[in-house]
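Look for subunit A in each of the two complexes below; its partner is subunit B in the first and subunit C in the second.
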Partner chain A sequence: MTDTPFDARTWRPPGLIRSSLWRWLLAVTVAIYLASALGSLEINWLRIGQGLGRGVTFLAAFATPDFVTHWRDISEGLAESLTMTGAATVIGIALSLPIGLGAARNIAPMPVYLFCRGVVALSRSFQEVILAIFFVAMFGFGPFAGLVTLSVATIGFFGKLLAEEIEAMDPVQAEAVQATGAGWLQWIDYAVTPQVMPRIIGLSLYRLDINFRESAVVGIVGGGGIGATLNTAFDRYEFETAAAILLIIIGIVMLSEYLSGLIRARVQ
Partner chain B sequence: MAGDGELLVWRRRTRARELLVWAGWLLGVSLFIFCWQTIAANTTWYFVADAPRVAADIGDRMVPPKWSYAAKLWGPLWDTINIATLGTILSVLLATPIAFLAATNTTPSTRFVRPLALLIIVSSRSINSLIWGLLLVTIIGPGVVAGIFAITFRSIGFVAKLLYEAIEEIDQRQVEAIAATGANGGQVITFAIWPQILPAFAGTSVFRWDINIRESTVLGLVGAGGIGLELQASINIVAWQQVSVILLAILSTVIVSEWVSAKVRHAVI
Partner chain C sequence: MLRLHRLSKQYQAGDDALKGVDLEVPDGQVVALIGPSGAGKSTLIRCINRLVEPSSGQVFLDDEEVTALGSRRLRRTRRRMGMIFQEYALIERLTVMENVLSGQLGYVGFLRSYFRRFPTETVQQAFQLLERVGLTEHYDKRADELSGGQRQRVGIARAILQQPDILLVDEPTASLDPRTSRQIMRLISELCSERQLAAIVNIHDVTLAQMFVARIVGLREGEVVFDGKPDDLTNEVLTEIYGEEDWQTANDRTEEKERAAKESLEEQMKGLSG
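== the complex of A and B ==
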């Protein structure tokens, strides 16, 4: 850039932060933070050096994934994960439909609104894994704990987004249906539902996708599913099996993203 | 129903569509029942029946929180924030070139480079940061560094995906205008493309940082550093009064980070 005929140094594309004082202040803060953060890292170079060889082994394992040796464990874990995903998505969405309705300010009366918002906030406040730890402690090891975890997490996600969608709906249509003398249920059925239905379908598919990914995680803390198998594979340094499981997860996620893209394109 | 054909009742759907909808419901419900039965077969129902008592018991043991323990959490909390922040910075640095390679209007080759970039994005996105953590702890050993890389690898796909979508949506005329001045590829990127995606870039980074704070709080469960290590340790020794303090600490960190991210995004976009 320096050998252009005009002085390129005097002009720059406008930055994100206009005021140069703030830009400098921010730069200094970031520099101080980075210095102290990097300074507080305890890096065991020896261990990392040893690990790099193992990392290469693991990457090589992706070229020769081993689906066969532990296929029974893998298929059992996978079946558990998939059924857990399916059931939890259905239960979660079924429970979050009334909660989503209740959490929409333009539909629900104040006490109901506050209650439903509370439920949504509560189930959104913790990570799936933390919920899973508690549900495993309550229900014991196995897919039931995972099912409850994913259902609860779905309620928070789905209820919140559904409520936002309902709040953003067109009030004119709702009023028109109300003017015909429709009862409350009829009103929901004919004025609200058609407006939010495309979004409900899109969100359900998206949540199905998320639930599958999360189902791989709840297994790490004992919630059943493919995560438990994966955890065991890593613990025993069976990288070929771990690579096979990861490839299956990636494959299923890719497939479901592709399918949900197709369905969403049809619905919207 | 139109009894003798005189009174027609309005219907939302045609006969064929109605049948299709019912078939869809039937399929969905039977799939759900199948899923439910598979899980029910693997469940010890005695434990489930006993759950309310256990929950009450745990709840009982969690209060009152052991406040004196909170003083010990500053170190792990600092680690957690570092994992999230350094991981986000690293992932943004790595994701930006990948995004340019993946966007149809900037990729050097739609046939070879773009699919590769998309593959990196989807692999990174489909594997949860905890699983990345599990993997990295096995490879480079437990600690904060494994956590930083776990967050990095998980975030690359997310950031690159949102960024390449932003690149594909830019105003092409500005690119043409800059190219018409005789600018080379690098100059087109700095002067025509970069200013257009800057708000999306900043918004995405902050958004991901917020998510990463959440995720880094639990990375310790697999040994990848941060406050999750304390959580794991407290659960292992059944110190529920410490667990409640840790959960409160996590909750307040998450709320603060959400607030910061909302403020910044509001200012940027």
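== the complex of A and C ==
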């Protein structure tokens, strides 16, 4: 038609990986890896067959959850977990606010930045269960170990995400407050805080329900709370009680999900 | 008086944004700084209050060498230099009043500012300023509820509340429509003459600049290539600043459109009568 070097009929957007050779090579490699990985799994069908029966019993227990027999244990565990969750969230966030500020590259001097990033990385490198085992060994069984575990875990989570939010703030607003001759604290108060506040509130609520869920896990390794009650129920094969506890956990998580959704929609 | 002496800025990437700029702005004079994008206008303004640290050269505000100040003294001196921004740079989630009052941050202690307990006279002044810029009824609205022109008025009130001696104004109208642009430029120039403020105004729109300022400085690739009265800005000078372009056509375009419209109307009339 014309002498342009383009052919309108065969035009396609360039892919994520521009070279078609690499694209194919990558796809084939992934396929080979998946096939061999699946092949290397050792599956004991006999054991699965036996376990299936037990699983069905457990699932069936959900139809007849028993809230009554061990209600005292359940309510005590629940109260302990909720206390632990609330306290750990408050303590953890209080500690992570300064660390989050320090871990933001655009407002902290280099040594402070490296130190705070170090704290965040250390806290994030251990999963809650591992932290809990460590603190149980340190402080003995019970909710105090759980409280410390959740507080430390909160620092890693909250500090990192807060720092990232601060790094993504609008620099011109920050510049404008600087230009008025404001001091550093005033600058944080007027230029930084308003920009990250909705995120702080959202993350706090999010962390609150993560901490509640984690408190159940932490309890299983000796950190007290509803997890300990759950563990006991499993150990005694009291599946109806276990089912009741799990249903309560699900209910509380859903409730907090709903409430935090309401609150987050209001702060923008 | 503001005086720049051999002011230079080299960014880390290696490009020279400013190459030894000398400039004097006497008290009360409003200067427009024109030049193509990338000429160093924003850098120049930010080097004056050291939001951008100059590589070499000096800035003097009266007898004080701004470029030699430590951070505490610098903050005190920044109070004397109000800044107005292109995208308004208001704190979006704070109220209009809080934004205006933030102009006083350099004068009050942290706790006062934290609890928003500014001195009564200050709040009084802030209300008067809001009235002056025509936003009296909006003081408790959040800044992001306002229109562009209204936001820029808040930005202006904030800068004036600093009680500055000079305004540093960075493209105040670049995000506004032509009519609002004129109103904003008029407001800035009126406030400057009411309060005997000097100002450096970065601006793209040459015609707008000519309407409202007493002196125009042309910047090109980090150097001052023109410094004179608005009327001295000939086509040759514009070419010197911005590069080759048919300047006349732009000015004649409106006239041409009108003529074209008239002719087409006459054609139609002829068709009707014929």
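The rule is simple: the second predicted complex is superposed on the first by the 221 of 268 C-alpha atoms of A that agree within 3 Å, B and C clash if a C-alpha of one lies under 4 Å from a C-alpha of the other, contacts with A are read in each partner's own complex, and residues count from 1 in each chain.
Operating definition for what follows: a residue touches a chain if its C-beta (ideal position, glycine included) is under 8 Å from a C-beta of that chain, and two chains touch if they have at least 3 such contacts.
These figures come from a predicted structure and were not determined experimentally.
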**Q.** First, second, both or neither for A:43, with subunit B first and subunit C second
**A.** first
(Q) Taking the superposition on A as described, I'd like to know which of subunit B and subunit C A:147 touches: first, second, both or neither. (A) first
Q) Which partner does A:191 contact after superposing on A: first (subunit B), second (subunit C), both, neither? A) second
Q. Quick one: subunit B or subunit C, who's touching more of subunit A?
A. B
Q: Could you tell me if A:172 is touching subunit B, subunit C, both of them or neither one (first, second, both, neither)?
A: second
**Q.** subunit A residues contacted in one complex by subunit B, in the other by subunit C
**A.** none
Q) For the complex, which residues does subunit B have touching subunit A? A) 28, 31-32, 34-36, 38-39, 42-44, 47-48, 51, 54-55, 58, 78-79, 82, 85-86, 122-123, 125-128, 130-131, 134-135, 138-141, 143-145, 187, 190-191, 194-195, 198-199, 202, 214-215, 217-218, 221-222, 231, 235, 247, 250-251, 254, 268
Q. Which residues of subunit A touch subunit C in the complex?
A. 172-173, 175-183, 185-186, 189-191, 194-195, 197-198
Q: Please name which positions on subunit A make contact with subunit B in the complex.
A: 1, 13-14, 16, 33, 37-38, 40-44, 47-48, 50-52, 54-55, 58, 79-80, 82-84, 86-87, 90, 125-127, 129-130, 133-134, 137-140, 142-144, 147, 213-214, 216-217, 220-221, 224, 227, 230-231, 234-235, 237, 242, 246, 249-250, 253-254, 257
Q. Inside the complex, what are the residues of subunit C that reach subunit A?
A. 49, 51, 75-79, 81-83, 85, 87, 89-94, 98, 102-107, 110, 113-114, 155, 158, 162, 168
